[in-house]
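Per-chain numbering from 1; labels A, B, C and D assigned in written order.
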């Protein structure tokens, strides 16, 4: 027997950071299934080049920082996949690459990589793409007639109007709710299939890969605001239905808001953070300039999260009095 | 003779510090507004740089001469009054050199009068140093500011239009969006990281230099 | 913040129904040195003297029982509890002792309560099922159920002391040994040790003579060839041993053999906040960690760092594998140094 | 008026969506204890500057346009002089503690920008007052955010080149992206 020394504990109670990331990765891959079945291999190539770019950038950042090649955690893959899923399928393949490079090299590496990033890198990358190439980010092909997209080449297509854009113009989207549930409508690649996103949310919650406070508060506040201030003339319930199912709201709630790293530490702080992000998103839908942008709301909430933490401290009295 | 050479060498060091090692924008975090908000075209950048040098040099030299006569608490007001006075000829000069640029800059040009580089140098540095040092510092700061804003502007203009100094056409560049202030902050951040890296390298090589 | 503790997954444990295996001593020892058994209604000082003479050590904290009882007698605990539950998921020695010798444990607890003047006594058991079993035995001592969450002892203590009550724990084995000493005048010469972990083929609870080398105890459980880690004390807060000739002591509750070392990779804090929920003492480990890491810590933010009980629940729960307990210890030392 | 204040904090947030007065906010964030007083001064001088702008604009409408900013800058100097003189006479201890930030607040870009914004958006007097108050609040918030950004940007895992200011600039750039996404190009 060749015994070694090791530090306790020798049992673990919770998933490790890496296994949490792997669960998220699995959930994200599940979102690729339906588009691949429906439109051919292009969703896979898109996700592939995006993840590859993030990997290359991660290695590059590590080279610059420490001189080593090693990539310690799979967070780059999560960033790459989220970015690919937020893009329209008909976007040129360099678009997720550019935003992935931005996400890793500007939003993550300068702050000390995984665990240190004050902003969700994927949200920052998507925001960058939406600001620099709004035309490419918000032009979707019309999925009503089934066809296959080329795997690599840029494609010509008939543009469709997404539900989010219709709502922005104050009209009621003429998309069947069932189509919205399965993602059979014009919109970003991975955010449409509400049922799959919901299943992913349950997976993340029950495998304890994500905390529940922020996403639940986020969705609750979004639903509440949608019911109270509908953008289109309809019953509150219809408004809630269209607001929650359109754009990247659900996807953002499950995969961007639930990211623990840029969120507050405390449980109640996470709830406030989610609620703040939800309020910001709904305000953005009412007054903002783009048709959708969960990522902008997430960035804003990320910046607010240290302040939320501090407010929670103040309320809880988590600062010992001198000589107390 | 020897004294003069020492002075000149000192002035050279001050100038170099202003341009690179202690760049007011990238190390001092001063005067970020013009870089972030207006630095997306080379013509803007050139106009602001010229305006800056015309404001900085005379106002700092004047304050170097008379600054010590003013009580310390009233000095900020004196600085503001002096820059306000020099703003008129400086703005006229820029308009003569680059016709039309002042109009296109609008608020950004107007707010150069209370630029924080000008203010902090004129209030803290100028009254307490000798004439030559103040002159070198004013020139160095101007060059440093001009270098940063021109670099940032060139990058952003190329991204937006595919050319520099109005040689490209809007929309034919790589993408849109970089005329927004965020790009200015990001580029300034990356340049600041570069300068910090250079400073770290210098300190590692020779700790006495810093 | 309400402490929640950690729910630790039960590992491949020892089947309790197998009972305790006795590890026979290799060489015959002379008959244990005996002393006069106690009378039925011996006074407190005599009970304490018997505990001292018998050399009983409380396995829950490693303190000599006589010393502990006389200290408790001065303080006067309201409630005396015998620990018949195990905190960490690999160990079951206390439960096994309770299954086998509940009557003896109860008798020892009664003696100890008389010795230190406790008004009330309870047996803390692991689950409701055990509590039912205790009621069935009709020993006259009520049960209290310790939770399933680690560290159950500290959490139970907090619960009992919430309304200003004073309580103290005694180990089940120490109680049983006290009963033995009182009845038969026998010194404590044996202890029950759990041998478990994925490095053994036949996990057992075994009764061994104190001073037996760890290696012999381990061999009883048929260890695999490729055991890399041997830990004693606890799976969460214990320590590793490399020298297997070290003796088993009364406080050795378990020997855990593992084939793989726990992963040493550390990630940065991902701000899940689980450590603060897990801590039974109300420390906020992530805050302490963040402050210490910032290089310019603010001692006012070392919230309750001095109260750390060393249970390492924070380490067990941290997904990034940060040694938070060490950080809290550092902070406590710093705070004391700063204020004292 | 409330709306204009809200506007100052959100859409027309000069600090993050326009980059105005950013250098000063960064300076203030290094001494967070005095942030409240600083914001108070900023509010006061914004108000002064807005009123001065209101008063000056019609009087200078015929003269060359370069006169307006110069006059505003000079007015800021006069306001500072008046405020400092008043505080020195009335509350010397308070003045001594906050002399530096009083001067910096008076010469703040965000303060001098208020009259321009007011002209651009054609605010009424009440709205102008609200906007000035909102500017102070926005400045305070910005100082808080920047203080946290500085803490984030001093962690031991940061590349050395980004430690401190460069990191903060990138941080603010990303945050500014969120503002740009909400409101497009403001100035």
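By our rule, a residue touches a chain if its C-beta (ideal position, glycine included) is under 8 Å from a C-beta of that chain, and two chains touch if they have at least 3 such contacts.
The shown structure was predicted, so the numbers you read here are calculated from the model rather than taken from an experiment.
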item: Pair exhibiting more inter-chain C-beta contacts, A-C or A-D; value: A-C
item: Chain centre separation (subunit A, subunit C; CA means) in Å; value: 45
item: Separation of subunit A from subunit D, taking each centre as the mean of its C-alpha atoms, in whole Å; value: 34
item: Between subunit B and subunit A, distance of the C-alpha-averaged centres to the nearest whole Å; value: 40
item: CA centroid of subunit B to CA centroid of subunit C, Å; value: 68
item: Contacts with two or more other chains, residues of subunit A listed in rising order; value: 106, 110, 112, 115-116, 128, 131
item: Residues within subunit C bordering two or more other chains; value: 268
item: Subunit B, residues touching no fewer than two other chains; value: 177, 180, 182, 186, 189-190, 193
item: All touching chain pairs, where touch follows the definition stated at the start; value: A-B, A-C, A-D, B-D, C-D
item: List of subunit C residues in touch with subunit A within their complex; value: 1, 6-9, 11, 88-90, 150, 197, 223, 225, 227-231, 234-242, 244, 256, 258, 261-265, 267-274, 276-277, 284, 286-287, 300-304, 312, 315-321, 323, 339
item: Residues of subunit D defined as touching subunit A within the complex; value: 11, 144-145, 148-149, 151-153, 155-159, 162, 166-167, 170-171, 173-175, 177-184
item: Touching residues on subunit D, where the partner in the complex is subunit B; value: 17-24, 26-27, 66-74, 76-78, 80-81, 84, 88, 99, 103, 106-109, 112-113, 116, 159-174, 176-177, 179-180, 185, 187
item: List of subunit A residues in touch with subunit D within their complex; value: 64-65, 106-107, 109-113, 115-116, 118-119, 124, 127-128, 130-131, 284, 287-290, 293, 295-297, 299-300, 303-304, 306-307, 310
item: Residue ranges of subunit B in contact with subunit A within the complex; value: 174-178, 180, 182, 186, 189-190, 193
